[in-house]
Amino acid sequence: MDHAKKTRPLTISRLLPIARSETAGHGARRAGAPVLAALALMLAGSPAWASELRFTIWTGNEAHLKMLNGFAEGFKAVRPGVTVKFETIPPADYTQKLTFQIAGGNPPDIGWLMEDAAPTFANARVLEDLAPVLNAKKDYDFADFSRPALGLWTNGARVHGVPFSTSPFVMFYNKDMFDKAGLEDPLALAAKGQWNMTTFQDVAKKLTVANGRFGFEFKDGQGYESRIMHGLMPPIRAYGGDAWANKECGLDKPNAIAAVQQLHDMVFKDKSIVPPGERGDFFSGNAGMTINQISRASIMANAAFKWGIAPLPTGPSGESPVIGQAGIVVFAAGKQKQLAAEFVAFVTNKQNVAVAAQFFPPARASVLASNDFVNSNKLIPPEQMRVVADAIVKGKVLPSHDKSPQILAAMKPRVDALWRAEANVERSLRAVCAAIQPLL
Amino acid sequence: MDALTPRRLRLINQICWTLALCVAAIPFLFPFIWMVSSGLKSANEIFGSPSIVPRAWQWQNFVEVFSYQPFARQYFNSLYIALTVTAATLLVSSLAGYALARLRFAGSALIGLFLVSALMVPEEVTILPNFFMMRRVGFIDSHWPLILLPVFGPQGIMATFLMRQYFMAVPRELEEAGKMDGLSRFGVWWRIAVPLSRPALAAVAIITFLNSWNLFLEPLIFVSSLEKFTLPLALSNFTDPYGAPLWHLQLAATTLAVVPILIVYVIAQRQIVESFALSGVKG
Amino acid sequence: MGQPATMAARAQRNDAPWLTLKMREAMEAWLFLSPTLAGFLIFFVAPLVAVLGYSLTEWNLLSQQATFVGLANYDDALMRNADFWHVARNSAVFALGLVPLNMALALLLALALSGRFRGVVVFRTIFFAPVVTSAAAWAIVWKFQLQGEAGFINQVLAGIGITGPNWLREPNWAMAAVIVTRVIKMVGLNMILYIAALQAIPRDYDAAARLEGASGLQIFRMITWPLLGPTTLVIMVITTIGSFKVFDHIYLMTGGGPENGTLVLAFYIYQQGFEFFNVGYASALAMIMFVIVMALTVVQLALRRKDT
């Protein structure tokens, strides 16, 4: 208040002449016009043609978009005059933003959906049943989709969505770092049947010592944050455990505990895994290995080191490939559901799934069995692509639940507690289970 | 002793103070320096080397930022939204502020009290109903909520009180003179009161602009298309198609978002700081 | 300038003789106030009533199905759900940490920078610069500085032989980190308010006290601090309300983690409403937040009134 009193006499004497104020007024009006024009320009969206389908995706990658737009072009032959507008929503907030659009009364017609969101959306009845359209198409052959890959997307005769990316987790490794450490790489070990959780721990440690860089990094360095499940599930499944099954938490079962104990030891005793709060980044050459989805290979085109992919290490219960999945869905609140469902059928027919396989691993048995698929990825040699095809057929999709957001949020703080050097793994996992059990 | 003349003592005292302030300034200044420096590094070097001077200057980061997402468009969105919000706030708050300061009417005090109460309520309290309201009128994924909510929300009401405070200090005689000249009430406001309160208008403009420019919660909730994003939202959005952050681009973009504001701030530092002082005095 | 002339003519004519001057002034006032009042009703009063209504329902944001459940959401938050009290505690810790630290630092800086010496403007500019920076940018940059080993903070600490904690991974350190980085971001504002208040204190008070042999500390305690009273209260109210509003800073730096250690009320409302789709529960939380903030403000304003 003292300040206001102080400034008053100063400014008033400065601002007295009224003539000056007039020019100021005109200036403001002049400045206002362009602003208003710009405002009108901004707020007037493009008019919605009845024949334009909105399709939300999370990639902004040019090659992906080119392929998708190609599908849209192809669809014109079937349904002339129909255009498809692909809208990129950034992956970090994809499900969140999609929710805002649906809840906000502005739903897209079609969208990609990640596995962890599928049950939530299906349960809230915001997904349209695609079965009538898919079954009506003679040459569509819905039975061609591998059964396990459909688990998330069907409920009895209802079809909530069609899987378009069934992407197994594989081990990426930095061949240069293995060579420097004088170690056999995971693919060679796998060929000899020696690629298991024990050798995994062993090479990770040796890589760390020999290279002065971490031996292993969780998926995209986000294993402690947004990708807890992606970090934990492959080892847990290798040990024969699971996050939950039949409404029962499995993380406090002995095999899950053993798996997590090994990871914990690797982080804090061996110091061979990039620890929480640090950045290693496999893709820029700062970690020896990482478990990631095969779709991720696309960024390896610019890698400054030799690399390869191998199956996940086996555990006490043998092989247990893990799959991350995404599907294409039609939103029930959309205005052109029939047309949208037809486009989904078109995009996921045999020819187009084969085309998409260069980026997004298919769930159609016929495509997986073809030689074309094994040769489809320019970055990955055929023998390594067989690892991928094999994993898709045998793999099990990541656990999912209609309360996924709540479950993950309930897990997060307890898993945070697990990733401390002095944490007791068993007790921490019990706490995780105690927190999520009521939600299962 | 000669060494301890008051003059020298004062000098030593001043040097000590200056040194202490320099040390205290580090956490305020360093983030900016680091940000600019990292924006010029490659992704590897950000993690690899703590040096402030980049080993290889990656000027192309600043080019890539624009091709990675519609960053120019997002920049423009932030700019035009902030300008619109500022213009609307100036108009609305100076009208209301004038009425509260000058005009006598029943219930004036009560209205003031009601409005003050809005100042106390965090946006998070009303965001859900506002979301549903915006849905009803079809404003989801548009810029309308980012314009309407700040203009009429706590921000706008704070501006109203700032204007009111200032109008109260304008001598009545000047307005009386205006009335003698035959000006209507509106004319008195527009031709006399408003021009006389330019410092307050400047303060409102500066604070409103910055608030809109930095708005986060509302864009997060109301906007979902990339080309409708505003800057704060766009910044955390430099990820590859699988959600892994591209730090070098993120930091280059952050630099582009922050540095122009900083430059304007340094140039108009006195005016900007005074504006904030004025607003705080109001409470 | 034909306009004033016609206006003058109109004023003399008095278009509406049945209106008393008083009524006319009231009408004009309402007219001037109408945009603000309309906005206030639409974007504040109506939502506040609505949120009260929502809080009595169970409402899924995604499926848009709502059922009336009475006070169940409040019961859930206050009685059953341990999360709420954890979050309330976090908000309290955040406010209790941030407000005193911010105010003490602001006062200290203001005392150092209220005088005139070479470079004073440079320092004021530096300390105020984070205020004009977006919270998003600030959080992004600080997140890097607070990393376990590679972060700037811990490298400096390592330089003097201290192994710093993994700041954003340990609940208590993370809370400390978000508080301190927030203080650094916002302290400039309060510093400026204090400087303005300090400069308004007449110099002769100071000089008179010095003549009587008072020490610097005594002058501060007996003269400066009491005179800063009103400013201190205003700053306290603004900073306290501000500390409850903090969302972007937490969202971007810790996402409420680790171990929910920085999950504060504003963030919890967002999470429940927009991530878990519990519109009803989130609305009950919003009402609780409203009551808390109002109560705190009333208490502080009562203190202020008593003081002046």
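So that you can tell them apart, the chains are marked A, B and C in the order they are listed, and the count of residues begins at 1 in each.
The definition used in the following text is that a contact is a pair of C-beta atoms (placed from the backbone, for glycine too) under 8 Å apart; a residue touches a chain by one contact, two chains touch by 3 or more.
No experiment lies behind these values; they were computed from the predicted model shown.
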> How is the touch graph of the chains shaped: line, ring, star, complete or other?
Replying inline: complete
> A-B versus A-C: which has more C-beta pairs touching?
Replying inline: A-B
>> Averaging over Cα atoms per chain, report the distance between chain B and chain C in Å.
In response: 14
> Using mean CA coordinates as chain centres, what's the chain A-chain B distance in Å?
Replying inline: 35
> Which chain A residues sit where two or more other chains touch them?
Replying inline: 1-3, 100, 103, 279
>> Can you pull out the residues of chain C that are in contact with at least two other chains?
In response: 150, 196, 231, 274
>> Touching at least two other chains at once: which residues of chain B meet that condition?
In response: 47, 220-221, 236, 277, 281
>> Can you tell me which positions in chain B touch chain C when the two form their complex?
In response: 14, 17-18, 20-21, 24-25, 27-32, 34-35, 38, 46-47, 50, 91-93, 95-96, 98-100, 103-106, 108, 111, 114-115, 117-130, 132-133, 148-149, 151-153, 156-157, 160, 179, 181-187, 189, 210, 213-214, 216-217, 220-221, 231-233, 235-236, 250-251, 254, 257-258, 261-262, 265-266, 269-270, 272-273, 276-277, 280-281, 283
> Which residues of chain A touch chain C in the complex?
Replying inline: 1-3, 5-6, 96, 99-100, 102-103, 120-121, 123-126, 224-225, 275-279, 405-406, 409, 412-414, 416-417, 419-420
> Which part of chain B faces chain A closely enough to touch in the complex?
Replying inline: 43-44, 47-48, 68-69, 77, 80, 83-84, 87, 131, 134-136, 138, 140-144, 165-166, 169-171, 190-192, 194-196, 198-199, 220-222, 224-226, 236-237, 239-244, 274, 277-278, 281-282
>> Residue numbers of chain A touching chain B in their complex, please.
In response: 1-4, 7-8, 11-12, 15-16, 18, 20-22, 24-25, 31-32, 35, 38-39, 42-43, 45, 58-61, 64, 87-93, 97-98, 100-101, 103-106, 220-222, 226, 279, 281, 283-286, 293, 295-296, 298-299
>> Which stretch or stretches of chain C touch chain A in the complex?
In response: 60-64, 147-150, 166-171, 196-197, 199-201, 230-231, 255, 257-261, 271, 274-277
